[in-house]
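Take a look at these structures.
In what follows, chain A forms one complex with chain B and a second complex with chain C.
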Partner chain A sequence: MDFEPKIAPAEAGGDGGDSAYELVIIGGGPAGLTAAIYAGRARIATHVCAGTLPGGQPANTADVDNFPGFPDGVDGTELAQRFQGQAKRFGAEVVPETVTEVDFSKHPFAIRCNRNTYQAQAVIVATGAAPRRLGIPGEDKFYGRGVSSCATCDGFFYRDKQVVVVGGGDAAIDESLFLTKFAEKVTVIHRRDELRATKIFRERAFANPKIDFVWDSVAEEILGDQTVTGVRVRNVKNGETSMLKTDGIFIYIGMEPKSDLFVDQLELDDNGYIVSNRRQHTNVPGVFVAGDVQDPHYRQVVTAAGTGAIAAMEAERYLGEYPY
Partner chain B sequence: MPLLNEDVKEQVKQQLADLASPVRLVMFTQDFECQYCAETRQLVEEVGELSEQVTVEIYDFVEDKDRADELAVDKIPAVAVIGEEDYGIRFYGIPSGYEFTSLLEAIQTAAAGKPDLSEDTLGALSELSEPVHIQVFVTPTCPYCPQAVVLGHNMAVASPMVRADMVEAQEFPHLANKYQVMGVPRTVINESTHVEGAAPEPMVLDKLREALAAEEE
Partner chain C sequence: MNLDLVAQEPSKPDAYDVIIIGGGPSGGSAAIYTARADLSTLVIDKGLTAGALGMASKIANFPGLPDPVEGAGLVHRIRDQARSFGATFIDEKVLRTDLEGDLKQVWTGTGGHKGRAVIIATGAMGRTRRFPGEDRLLGRGVSYCATCDGAFFRDQSVAVAGSNDEAADEALTLTRFASAVHVLNPTPEFNAPEGLVEELRAHDKVTIHPSTRIAEIVGEDQVEGIDIVEQGEEKTLEVEGVFIYLQGNLPVTDFLGEEVSISEDGCLIVDENFQTNIDGVFAVGDVLCKHVKQAVIAAAEGVEAAIVVDRYLHGREEFRPDWSR
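Take a look at the complex of A and B:
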């Protein structure tokens, strides 16, 4: 058996009541859980609305190779569980529930989940990022029927089949390599003529006989009847289009910040990232931000954890200064 | 070799510490054990050792056919999670990887006998007059899948008209083919209607209504 039994809490219920906390953290990835560790340890009454993928993006990653303290790498889910265990040890409540609405216009702030509403003196937003979509015809229609953004979930369905991966970064190449375990052939479509992925991934991909590349090209339409049969590809240099036969298409063209909830509440930049200063303050006093939702550049587990720690320390300072 | 390491055992013990009522894990395998039948049996046996409220019963799918029919078990490995009554919670294929979470949740839900659903959903399910069969297709490596499985199982507890199966797609490729599963989780309601992904509760409820409406036509 190549899959260990894993424990992750599922979506929580609740009694539909209201509860008040000093600090509510929105997000249960490395940023949110690190903030919870610091806040819990500072004896702040802390509640974490951890969302539906407990542990955040690492839980969806096979191995995290570059988190300090794990010389042999660490399973993403295990790392997430360790964060969570540590946060709970210091007294933070970590509940896997999804926030549906926030009101930062008055104090205390209101955070509404499916069934519970929370009041908070301070908030840390650590909602993270989600895979970006291509936005081309066929993408929505075939989502779950040949279009995927989770190779670990769906790779199995492409045993001895042909798949296309769109993208050229670390995630695209890492997942392409993973897909070669199942697929007969993996074709990477990339809009430039070289990969953005780090050298170690590039070397592995170029050495893998199952991986082919279509350079300088973008996917324009996903084609099929009941399931995906192909993708229309346009060369961005000469404008020529061609058809590529495929059974499935995996999209790894980067992430976008999960900031929809905050559009009318916090200042966002043109790309939807929450604007923060170097001390993780947003434009609303008492609301702090950490992790990928404010980070268009680095998006590492360790940087998310770092900003989470800063946000929690700033929240502690804010709570100490605020007259109640 | 045990499937559950000491860390996991400790967490399971904690999670199953205060079950309100006894739960039976009724597992079906066969003499010549199928792919993952042996591991599934071992997994439920190991879980059974971690809580006094959980008992494990092992049956042979061929020799104990009457028992299988009674529980509407039609393929193996199968695990029926039964509380004070049989709410219709089933696992087909091994509940390991991320689905181990779904198994623990199912045990807790069956022990409580009380679904964890919104008032809207409970209201709609209490009015059901037609049987509903929910099949949630998963792979053990899918972190989004337990959410869909747990929702299905809660709906089964909420209504005697609903039964809900986790179906591990790799072990039942013919079913994955039949229902055109190319991505997981995929929730199939009765035969015709389906939802992709870990859909929120109201969306699954809408699909359930859609499935029933489609059958009336």
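Take a look at the complex of A and C:
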């Protein structure tokens, strides 16, 4: 491959030195890696700080069957590897390292990882978001094998089965309604005796014969063998525990955009999402954002990838307009 | 509206939940999501190579497909995926629509289709200019639909202009009626599946004119002939019919009535939920003529619209989910 970076990295491997790039991408999920594919292909010297577990959220998913272009579905880990291989082939460096600090207050921008500090003419933030976890036994073990946080993604696999939803907000009730299309029965476990969800969601949920409620209760343990078979529930008022048989458990106790690093650097909304326009610009010229860290609405692999492509093209334009 | 989950009945055989017009990356990806969300989905498309992606020879930057794929191959994969979730595809051209009200109607050459929501994803390969004589003789020998009008040309000579599989398909349709079919290909080679092109070449009623452009369509009250320039040489063909399937770079909106708002540049206008000025009518992809033409961005838009449509059909006030709540 005849790729020649416009700036040669001072230390390609990096072991404590400084390196300068045209573009540094923070995050190694679908958004960050799609941005890297586009940037690499545009011959922009690109470094991806991909985090210690590259691949992002789909890497935890056994079967991704709704990413366009894969009629037979694709294993989430394999999809992540494909993204990464493609980015590398176009010349982007993808390194499994965690960013600890950024400075966007002066140009070039500074991105610090544990061992290396990078200088960048432009930055794309694609750190993603994580569904909040319950922190109970069995949750990690069965994640992607019966435990999910996305009915749009996984509801399809529960046709004529029984599912449990944990939560009482809009997202929980909305997704419960969505799940009734597939599941035979949806049981909502909520820690209070009333729903936080807006009126229209509440009315619909109460009117739907497929939805049952377990009030004043929390999930205490997720049980199963290869996949989920049940959940142990504790009533918070009387302390009684009971067993609920289920084929799947959907957890909706909120999403956490991974934006802690940027609190004093970029404009965030009240829920911690990075504020972006349709062209993926943040409030700092030269810093772009893509994927779930800026998206409270869709959170799909392909929608993240789409914003990654836009961010890379906007970064390319920015780099052309701001020669250094 | 009586459209919520509780009241939802299985779709009537003659009404779909969603009709998607255009089966390129955005329409096809929308279909993956609507079908997978258990919405009955009909996709109406003119043919595999009728759109911009279908014509592209090599795509290397679609994430997840590290080995370059042909554009038509990628469209094919997306359609197979939508089919695997239950979407129905028909290869036809949309002629007319009536989109107001709760049940939208979409007419093709073979009849009408009803849908509760419509997603327009027809792209931007509409023609930029008309030929001399074309407008005057429209309906008097000039047509854009062989399936509709072919039977009027029994035992007559016709010309078909175009180079994609829609043009090739329609030319073959016309051989069932016409005595001679002249195919006027603006390019040296066809951009259509090989088998289709071979069938065309082998047909004894068909004459192919490569690298040929139309100078004028001539005739008093009816088409009498067509002046062409074939590889630089001026010629006149005596034909009674002219069928045009050429492409340009304008948003394809000719099948829409005046009720749908279109900008001065010919682009469909949508809000942040991809909804046009008409309830239940959405639009995505190049027909919006925004910024960049990239398959993955078009696919992402199709998926966003599909998620929105699911919520529209279930009577939600806010069409976009909000995961922060």
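Here is the rule we use: the second predicted complex is superposed on the first by the 192 of 324 C-alpha atoms of A that agree within 3 Å, B and C clash if a C-alpha of one lies under 4 Å from a C-alpha of the other, contacts with A are read in each partner's own complex, and residues count from 1 in each chain.
Keep in mind that, in the parts below, contacts are C-beta pairs under 8 Å (C-beta built on N, C-alpha and C of every residue); 3 or more make two chains touch, one makes a residue touch a chain.
What you see is a predicted model; the values in this text were computed from it and never measured.
J.: Is A:181 touching anything from chain B or chain C once the two structures are fitted on A? First, second, both or neither.
T.: The answer is second: A:181 touches chain C but not chain B.
J.: Residues of chain A touched by chain B versus by chain C: which partner has the larger set?
T.: C
J.: Under the stated touch criterion, which partner chain does A:200 make contact with: chain B (first), chain C (second), both, or neither?
T.: Touch status of A:200: second partner only.
J.: Is A:296 touching anything from chain B or chain C once the two structures are fitted on A? First, second, both or neither.
T.: second
J.: Quick one: is A:236 in contact with chain B, with chain C, with both, or with neither? Answer first, second, both or neither.
T.: Touch status of A:236: no partner.
J.: Which partner does A:275 reach: the first (chain B), the second (chain C), both, or neither?
T.: In the superposed model, A:275 contacts neither chain B nor chain C.
J.: May I ask you to decide whether A:156 touches chain B, chain C, both, or neither, giving the answer as first, second, both or neither?
T.: Touch partners of A:156: chain B and chain C.
J.: Where on chain A do the contacts from chain B and from chain C line up?
T.: 152, 156
J.: Please give the residue numbers of chain B that touch chain A in the complex, ascending.
T.: 3-4, 8, 11-12, 15, 36, 39, 43, 94, 96-98, 100-102, 104-105, 116-119, 139-147, 150-151, 169-170, 176, 180-184, 186, 196-198, 200-201
J.: Would you pull the chain C residues touching chain A in the complex into a rising list?
T.: My answer: residues 4-6, 25, 28-29, 32-33, 36-38, 60-66, 74, 77-78, 80-81, 84-85, 291-292, 294, 296-297, 299-304, 307, 310, 314, 316-317, 320-325.
J.: Which of the residues in chain A come into contact with chain B in the complex?
T.: Those residues of chain A that touch chain B are 1, 3-13, 16, 52-53, 55, 59-60, 77, 98, 114-115, 143-148, 150, 152-154, 156-157, 226-228, 248.
J.: Quick check: in the complex, which residue numbers of chain A touch chain C?
T.: 30, 33-34, 37-38, 41, 65-71, 74, 79, 82-83, 85-86, 89, 129, 152, 156, 169-171, 174, 177-178, 180-182, 200, 204, 207-209, 254-255, 271, 273, 279, 296-300, 302-303, 305-310, 313
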